[in-house]
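See the structures that follow.
The two complexes that follow have subunit A in common; it is paired with subunit B in the first and with subunit C in the second.
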Partner chain A sequence: MSKKVLVVDDDPDVRSFVVTVLEENLYIPLVARDGVEGLEMIEKASPDLVILDVLMPRGSGIRLYRHLKTDPVFKNLPVIMFTGIALRSFLKSQKALDEFKGGKIPMPEIYLEKPVEPEELVRAIQKKIG
Partner chain B sequence: MPANKILIVDDEEIIVRLLAMSLKSDGYETVTAYNGEQGLAAFKSESPDIVVTDIKMPGMDGLELLKKIKEISLETEVIIVTGHGDIDSTIIALQFGASDFINKPVRDEALAIALERAKAKIHIREKLEEYTKNLEQKITEATEEIRRKSNFQRLLIRSSNDAIVAFDQDWKIVVYNPEAAGIFGEKAVDVKNKMTIQNLYTPKLVDIFKAQAKKRPEPDDMPWKEMVLQAKDGRQIPVRYTTTVLHEDGEFMGIVNFFQDLTEIKRLEKDLVHSERLAAVGQTISGLAHYVKNILIGLKGGSYVVDVGMKKNNTQKLKIGWETIKKNIGRVADLTQDLLTYSKEREPERQPCFPNEIVDDVIDLVTDFATTNGINISKETDPGIGEVIVDPQTIHRTLLNLVNNAMDACLEDEDTSKTFAILVKTTLGSDKTICLEVRDNGCGMDEQTLERLFNPMFSTKGGKGTGLGLLVTGKLVEEHKGKIDTNTRLGQGTTFIITLPYEKVGAVETKEDEL
Partner chain C sequence: MEIRKILFVTKFEDLCYDALNSLLSLQKAFLDHVVFLNVIERDKVSMRRGKGYLKEEEVKLKEMANIRFIDWAENLFEMGLEVGAYMEVSSLIPEILRVVEKESPDLIVIGHSHKGVLEQLYTGSEVTELIRRITVPILVFKHMVEDKIVPEKLFARPLFATNWSETGEKAVEYIKDMKNVIGEIHIMHVVKEAALKSSDTHGVQKVRKVERKRLDDLCDELEDAGINARPHVYVGDPQKEIIKAAKEYQASMIILGSSDKAAILERWVGSVSKNIADKSIFPCLLIPGDKINC
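Right after this comes the complex of A and B.
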């Protein structure tokens, strides 16, 4: 059975690109437009992998990533960060949150900086879920 | 110095001795001589204050001695001792300048009186001399002071950075410094004491100053004002000026004008604004790079989707991909326009148009996006605004930008229970202005955001904003001599109000008054 991949991104262009890449590689695409919708979708549809944007209105990727990694149910759900901001900035904001909220969350296993070639995205997905 | 030394000259030795003794006992210092020659020699060596001399003497007589003494010192008092009835000699002695006469035989009282008189005369003369000398000194000092002061004032006027032009009570130009020559372009020699106010100023300016001169009660110095002067060679010179009306004992004496040439200051101001904007553009570049990267991501993604669509003959994919590409081309176009607008001077292109129709155009453009995202857009236009002369581009672009921002503010809002609504409103303002209002009930702004609203590169939209939108809006409004007001409450929404001045259609275009 094909695996379900959720793409959380507020940019419709990015969504249609990722969805197309997923379809081409025989995954089942799911979409969410922001962090809040993303969490709902994760709870509802149990995707095998999440491709997560960082800067979004209403529930940023930073917050959703943190939520997933500290929730015992979703802790092991693979996440690919897929974003326009540099890893450095992402880590900086996570570090600030570490200090603020206490506790440490793991680094994202895969962090892709846009623009990303379709092949690169596919390799990343395959690496995580085959 | 008291007149104290007396020379006694007589050929009769006994008389000389008696007189000398008597005078010595009166406290005088005496010098004696027994003939004219001796008398003259003693006069030269002793410089007595008073001489008492007999007329008749062998050799040089008293008259001759008198003459010689007067040649040496006009001021020496010479008392002549004469015999009875010697009128002729007496007259000659008077002519030679003798001070007094006493008769022979010399009596002490007569001599004492004559001496007192001589002493008084000497005293008066000394005083007079002293006064004259003082007076001369004082006049020299006063003259020097006046010269110094007038010189100082002349230099002050000459070297003043202000152009100074002064008129007397007949409006003749009496002061015209080099700075004034620089501004008005007329040489000082052709102006000073030759021209009147009409020759130098335009009739309008003449009227202003003449009115000021007539004002009662006498006004204090006028506050500085600005205007544009038309120089003789046609140059337009921006100046600040002030006027002082001169009065003496309530009588009108003339006026003084001070002008400051603002050309350089205006130029510097303009340069400063220009370079500040260039710097801002520079700062914006990092924000821009981000934005451009997002466009690139869109274009790449779109072209991939199109490739897949072509390969699979999938029209749906083709359509989605192509839309993405077109949208991003549009973003490049908008960005380019924003950049151009922001980086160069633009004069509003005012023309007759209907602002309410522009509102409709803008709403049409965004309705699709708004509906997709559950935002309700409505309008309230003032029917009182008909056709007016404004720059339609300014209205279109600023409204579109504000409405786009309003929609972003709604999408950004975490409170999804709201029914998002945007209102675009127009009202006819007072004093020939129209107000364009864009109100949303989105996320609102905190104070920090509000403060940085018109800063370049500032964007709350991550890489999705250029940080140029409000900057361009602000610039367009400013160039149109309008203003932007902002009201916002965090979590409640934001209202932007643009106020723009307009001209009535059909009104004759009036140039600003030239002075």
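Right after this comes the complex of A and C.
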């Protein structure tokens, strides 16, 4: 059975790029436009993988990633970060939040800085969910 | 009232990172979330006779805003703040109202109106119109005294603008030798607008990614040498953007590789480094190249 992949990104061009890549590789695409919609969709549709942007309205990918990784229900849900924000800043932000909010969270296994070629995205998806 | 979320409305003219930075003391008043809004007025991308809708212009303007917002957001994220951003082609007031509806900010920060006296007379100022239509407090930000920045410590926070030239490389070696006096260095590269010509975001983002990677590598190189360094990609006219960055990051001085242009050419058309040294309010350290032009 095809696996469901949720793309959370506020940029329609990026969403359509990822959806095309997913469809061409026989995954079922789901979309959300911001962090709040993203969490709602995760709770409602139980995707097998989340492709997550960072800088978005109504809830950033930094907070959503942190939420998922500290939630016992979602902590094992695979996440690919896909963003224009540099990894270096992402790591520093999580470190700052570790101090403020307490508790360390695992670093993302796959962090893709935009833009990437379709093949690189497919490889990342396949690495996480086959 | 606790100010947890700010909506920061900017046209990148008079309301930039330095203004935002001056607001971060609000963290003591529970500030936890900053939302950026840049509205591209419709007439900048609207139909032109024989040209149609200017899609390329829209992509370019949105990505220019995106690049600035990414740079700002990285700083704020690193402080543990939550950040969001909107870049829309719209009209200013309706767009602010739409974002206020979605985000429910506790404070709106906006620059003073750029409408002329006559225009204000007929249509009112943006601030007046906003106050009339929403209940959220608005902070109209103004620079109290234009350009009055006095560096207390000259080497505390220099800005190094590199164009990846030979003189830029030489400047890096010079900077490394100053590691004991430099507090934190901001390193920037200005991408010229012409380099962003593409009808899709992919092409434009690629340009930024390449430049950002080069800056990251340079920062790593300087951090290995014991200097705290922060990278920034800007877009536009190098002279204007370098001065803008120096203001935004409250630079104590600007470090530049001096021009590679021949002296006669420089005399006629000037150079970025010379013009900044002559005209900006910042102290400038010019690093000359090895070869002498005459």
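Methods note: the second predicted complex is superposed on the first by the 130 of 130 C-alpha atoms of A that agree within 3 Å, B and C clash if a C-alpha of one lies under 4 Å from a C-alpha of the other, contacts with A are read in each partner's own complex, and residues count from 1 in each chain.
One rule holds in what follows: a residue touches a chain if its C-beta (ideal position, glycine included) is under 8 Å from a C-beta of that chain, and two chains touch if they have at least 3 such contacts.
It should be emphasised that the depicted structure is a prediction, and the values quoted were computed from it without experimental measurement.
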Combined model on subunit A: subunit C and subunit B, fit or clash: clash
First, second, both or neither for A:123, with subunit B first and subunit C second: neither
Touched subunit A residues, subunit B compared with subunit C: C
Which superposed partner A:75 touches (first subunit B, second subunit C, both, neither): neither
First (subunit B), second (subunit C), both or neither touched by A:24: first
First, second, both or neither for A:104, with subunit B first and subunit C second: neither
Touching partner for A:62 - first (subunit B), second (subunit C), both, neither: second
First, second, both or neither for A:16, with subunit B first and subunit C second: first
Which of subunit B and subunit C A:115 touches, first, second, both or neither: both
Touched partner set for A:93, first subunit B, second subunit C, both or neither: second
Touching partner for A:85 - first (subunit B), second (subunit C), both, neither: both
Clashing subunit B stretch [against subunit C; choices 207-215, 297-305 or 387-395]: 297-305
Set of subunit A residues, in rising order, touched by both subunit B and subunit C: 11, 13-14, 17, 55, 57-59, 84-85, 114-115
Residues on subunit A engaged by subunit C in the complex (per definition of touch): 11, 13-14, 17, 34, 54-60, 62-63, 84-86, 88-90, 92-93, 96-97, 99-100, 113-115
Partner subunit A, residues of subunit C touching it in the complex: 35, 66, 69-70, 73-74, 77-80, 82-86, 99, 102-103, 200-202, 205-206, 208-209, 212, 216, 231
Touching residues (chain side subunit A, partner subunit B) in the complex: 11-14, 16-18, 20-21, 23-24, 36, 55, 57-59, 84-85, 114-115, 118
Subunit A-facing residues of subunit B, complex: 290, 293-294, 296-298, 300-302, 304-305, 308, 317, 320-321, 324, 327-328, 408, 411-414, 416, 462-464
